[in-house]
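Take this structure, written in structure tokens, and hold onto it; I'll ask about it next.
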Amino acid sequence: MSQIELMVAGGHEVIMEASPYGIEKKKLGMWIFIVSDACTFGAFLFAYGYMRIGTVAWGTPFGFSSILNGMIMTAVLLSSSLTMLAAVRAAQADDGAAVKKWLGATMLLGAIFAALHLREWFNLISEGWRLFANPTGGPAQFGATFFSVTGLHLTHVITGVIALGFVARGYKQGRYDQSHVETAGLYWHFVDLVWMFVFPLMYLMNAH
Amino acid sequence: MSSNRELTMSSYVGIGVGLMLIVCVEVIFTYQHMAPHTLLFALLCLACLEAYVGVMYLMHVKYERPILFWTIFPATLFVLGFLCYLFPDAFRMLNMRLMK
Amino acid sequence: MAGKVFAVVVVLVTLVTAYCVVTHVWWMPVDISVHGPKIDHQIEETILVAGLLFIAGQIVLASFVFRYGGATGKPKQIPGGAKPLVIFAFVLVGTEVLALSFIGSKAWGAVYFEAPDPSSLRIDVQAGQFAYYFRYSGPDGKFGPLHPELINEGNQNYFGLDPDHDPDAKDDIVTAEIGIPVNKPILLTLHSKDVGHSFYVRELRVQQDFVPGLSIPVHFTAIQTGRYEIVCTQLCGLGHYNMKAYLSVLSQSDFDDWLKKQAAMQ
Amino acid sequence: MAETQVHAAHHAPSQGFIRKYVFSVDHKIIGIQYLTLSMVSAFIGMALSWAMRIHLAYPDFRIPILGWLSPNGAPNGLMTPEYYLSLMTMHGTIMAFFVLTAAPFAGFGNFVLPIQVGAADMAFPRLNMSSFWVTFVGFLLAAATFFIPDGPPLSGWTAYAPLSAVGSVAGPGQGLGQTLWVLSIAMFCVASLMGALNFIVTTLDMRTKGLTLSRLPLSTWAWFIDAWVSLLAFAVLLPCGLLLALDRLGGTSFFIPGGLVFNDQLQPHSGGSPLLFQHLFWFFGHPEVYIIILPAFGIVSHIFPTFIRKPLVGGWKVITFAEIAVGTLSFVVWGHHMFVSGMSPFMAMVFSVPTLFITIPSVIAVLVWVFSLYGANIRFDTPMLYSLGFVSLFITGGIGGFFLAQPSTDSYLHATSFVVGHFHFTMGLSAIFATFAGFYYWYPKIFGRTMNEKLGKLHFWLSFVGVYCVFITLHLTGFAGSVRRYSAFVDDFMIPLMPAQRFMTISALLLGAAQFIFLFNAIWSRFKGPKSSDNPWGATTLEWATTSPPPFDNFGGRQLTVYHGPMEYDDEASVMQTSPEASIAGT
Amino acid sequence: MKTHQRIGATVFALLLIVAGLLRSTPGVRATAMGQVTGTVKLDGPAPHQKPIDMSKDPSCAQTRGGAPASGENVVVGTDGGLANVVVYISQGLNGDIPVASKPVTFEQKGCQYVPHVVAVNPGQHMTILNDDKTMHNIHPDPKPGGGNNAFNKSQLGGGPSLDVTWTAEEIAIPVKCNVHPWMHAFIVVVKGPNGVSGGNGSFKLENVPPGTYTLTAWHETYGTQSQKVTVAEGKPVTADFTFKAK
């Protein structure tokens, strides 16, 4: 389907864009949001990098069990991206039952991710890590950066799970169509991809 | 217009597995006792690769109009790239600190 | 009518401004530092370059408004269109800014990239809400370490020194006013005990912020004796406007006497 | 196949006062809400500047209303230093965020942009509504600081850490006041991000038939570029604000180094960096001044052709590419705010060069405006006078930039009133003048009535002369080293400048008084002004192709087709963008 | 209806009378009050007090008329009397302890606090004056959670006085002026009669009801000392303290 056509109107040749940008507005809106959110996450990670460079004897608190936990979380999040893809494809194929199934699976995986993450948090907190405290006696910046960066990500995951719930309900009720599922999917993949930076930078760089 | 039918579901599963493998490589790198900046460089390269694959395939930018790619990528990379300007001061913080 | 008035007002404003700048109605004080002339020269250079652009811009604006205000008939574009304008901007303004950044970077480099003279007199400066205190190393030439937890201004321990335990701190001389010998390179180490402050001496052409947590070096040589004000230019709280100290540039013998007197007051 | 998207059936007009005028999703109502909010804010901000100016020039003058508003901050109407700084902080915050960012961008952008692209509404009307109401909550939070015991924060609109981060120990107002301020700014960030997203998608996706990017009105172009700049800049201010809030409320030390002693008490923080705050803040802060000025560029470029009766020199391309260049470069120059801040002196050079080079696109824009006047038939209606005033102010303001862009000269002029004069010219008053231009220009479209021309001109002359009297003097005293942000003058070199201070205060009072002419004109004309035709200025863009004020869906269900660029003027003649007639100016 | 109102009014009036009686009890007791006087001495050489350099604010030197200033941590009179010692009753006061009605003045004069140590009752008014030409800020730092609120307020030279009250007992709230960092003082908030030793070390506690008490003396550098005293009606009792120089 050609996007740009030559139209003849009123004696003028007019270049027309059929759909001006060729990208559906919800999708474009989500992409624009992703751009800004990527910058927000970026600034958080840059602040972390700055702290990290500027701190003498940063310390590396994560043992292999934490890394393993992180890998499991990564695997869970990656699988949820795949189930999300399946949901989008089902929506495009107009298969309501499958959409419900796959969105449910995505939400479940998202919740598992959040639960695993919170478990990690509570482990650290019980060891004495706080936003402002380092139980090993080193600089307190690890707690501050770790909790704030992963906290921001966790907020995104939880928001995503809730949003997917709304999308699933709206889709079932016929208020939403496949474009909504696709837009929600973009957000979900984005949250997944942010984790691809958070995991190496916050976990692997802090493994001992 | 746009479509993500260019790939089959099994290819996507393949991509997912591939991404997980990259993560495994990252973990292996972590335990190679490299200098921190070497490790950081390696991890960032791999993470960028993952992000690129994710954006192009999972988020199927590859199958959208190219204009979408040009709408989002340059702006984001521009901001993230120039934020690097703040690192020289991080070294200042390391080297000129008052309290050792 | 409105156009002619506008043109006249713009021209008047331009001329008055130019007059004030050229005749130095309010102006920089005379420079007393070695590096200052470079900065003054750079400011003059910039006034020349920017002032010409300013006058030209306003006059051309005024004259076009004057000439074409309320005109009738077929409007026309400037011959050549936008191309000469863009070329003008790139070539002329581009050259100007290149020249400014080149000469300016030399002036900046002369202040900041040159290593301080190794024979410099080292003075430690601490800023806090809302006063400066200065520290001379005393006869041993060594500064005692700082212990922020010991800072007790009521007890006049402004720096948090511990002379009972640190031998280096014993002979440190802490003063509320900074005295420096004339024509001798000075190296200041600026550090703040609370928020950001700034060290601004107009006559020295020195302005440098204090960054809490960092110690920032500043070096200069004063070439004229006198007493000058040091003021804070970085918003630091309610006493910001009242945060100042005095810089006394003294002859070497006066300086020695002054420092002896200060040492006696410890 | 050309899809005909009919936006008209987008959403039905809401019934009921609340849905129609308060929680309205109609972009026109939201635009008016933004304009009203910023007008209220502008008068608050102006009143604050009056109080400050009076205090500076006549420190013994009592201002009873301040004593009533804050018995603590101004006992018996005499301002304490902390209250001066609080007012200064709120003047900066309110003016920079709630006036200069809100009015020309969110206000006019909301009202005009969807109409100019021929859409029935923004791409996401409900998101648009929440943008405004989140902004409004931010405004309330900022305003609330006036009514808490310690008053508003005193750390300036830049809120440098650690002054802003350690809490009330750093000064009155740094407790609850600063916390409310941070939350207010975070709200504003979120609102601006939503707004920017909406603007971008609307411009890209909602354009009507035939409205290619090359045919976009110049104001839409500017808003579109501006939306990008604010999308990226506010995205960085948000984390900066969040980290500051964490430092204040969560006990972290992102911006607070160790070993800080306030009032002889060691603070329980360690390891942070104040410079990081400055970097993150100015990464937003510098683009912010272009967020403020780019819509002004757009409004003026949009108004110019109407009143010079011919296209701008270079058509849409030169001015638009200048704007894009300015917007892009604005992200790589933020360090020029930090030349003397203890930043690496090498980075000072790195930031200085692009700062100087941003002059080139700015000069191109100015040259386009000035040389478009050549051979023009200039009509001096109030919008045009304000646009010309804008050009003059922008030239003057831009000149100061040369001094502040170079670290060597900046090391003398930094933090003097030269800087204050400079930014009031470039981003403050220039943007305000463009906003006035837009206001007089679009008023007939917004309310269907015309503003009084005589009062408008009087307002212009007083404002124009007043602005020069106040802010040129600030430049000049800056050369003498007059330090900014002082609540009183005790320094020997500041006291001789008192005559200048008094001159500025009197000029500022007159300048402020002139704004009441505008206020009266705006309110009076709303009810008593002569009814306006649909296209009173003989303009060509889509907002003039509909009724004044436009119907709910902007074009009464019509789907317009655009045939021309926005600058089809030739003396008296002009061709509407929607008119299939032959082009007369070749755009 | 009417009866109810009448009963209400009567009860209210009765309550008022009772309350009035209760309130006036201290006044009744005041007729038979005792007095404690004494001197505080420093045993040993007084530590050197550093001179204060006030050159930061030229108006300070102006107001002082050139009089030199020095630290006030230990102020010793000619005969070894130790000034700025707060003497108060730490134990033995029972029941409703009256609050002194006269406000205490706390002045900023020549860029120093006068007095350097001030004692107040909880609830007693404290008038803060600025006699200087320059601005001072009053920045007391009570212990967090101790019941007293920290504040930080500036007072313009010759500006209107500030009125402050403290709610909880607290031995030594440090006060500072950040504009003139050398300025510091202590506010001692204690219940009941109290006195601050003057330049010669003498102090006086007035209006002490008869009884046996623990009398405590507090000095900012040398800490506290206590002794028992018995106060009889209308008779002055003497109690001396001696602090050992470190």
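Every chain is named by a letter (A, B, C, D and E) in the order it is written, and numbering of its residues begins at 1.
Rule of thumb we're sticking to: contacts are C-beta pairs under 8 Å (C-beta built on N, C-alpha and C of every residue); 3 or more make two chains touch, one makes a residue touch a chain.
Remember, it's a predicted structure, so these values are computed and weren't measured experimentally.
Looking at subunit A and subunit C, the chains in contact with each of them are B, D. Following the contact convention of this document, B is the list of chains adjacent to both subunit A and subunit D. Counting C-beta pairs in contact, the chain pair with the largest number is C-D.
Subunit D and subunit E, compared by their mean Cα positions, are separated by 54 Å.
If each chain is reduced to the centroid of its CA atoms, subunit C and subunit D end up 29 Å from each other.
The distance from the centre of subunit B to the centre of subunit E, each centre being the mean of the chain's C-alpha atoms, comes to 66 Å.
Computed centre separation for the pair subunit B/subunit D is 36 angstrom, with centres defined by C-alpha atoms. With touch defined as above, residues shared between interfaces to two or more other chains in subunit C number as follows: 128-129, 146, 148, 153-154, 213-214, 216, 237-239, 242, 244.
Chain contacts: subunit E has residues 57, 134-135, 137, 152, 154, 174, 176, 178 touching two or more partner chains.
Those residues of subunit D in touch with two or more other chains are numbered 80-82, 171-172, 204, 231-232, 235-236, 257-259, 264, 270, 272-273, 275-276, 280, 283, 342, 346, 488, 490.
You'll find the chains touch as A-B, A-D, B-C, B-D, C-D, C-E, D-E. Across the interface of their complex, subunit B is touched by residues 146, 148, 191, 213-216 of subunit C. Residues of subunit D touching subunit A in their complex: 1-3, 5, 123-124, 193, 196-198, 200-201, 204-207, 209-212, 231-232, 234-236, 238-240, 242-243, 246, 250-254, 268-273, 276, 280, 283, 561, 563, 580-582.
Those residues of subunit D that touch subunit E in the shared complex are 72, 75-76, 78, 80-82, 168, 171-172, 263-265, 488, 490. Remark: subunit A residues 1, 3, 19, 21-24, 27-28, 31-32, 34-35, 38-39, 42-43, 46, 49-56, 67, 71, 74-75, 78-79, 81-82, 85-86, 88-89, 92, 186, 189-190, 192-193, 196-197, 199-201, 204-205, 207 touch subunit B in the complex. Residues 57, 59, 134-135, 137, 139, 141, 150-156, 159-160, 174, 176, 178 of subunit E are the ones that touch subunit D when the two sit in their complex.
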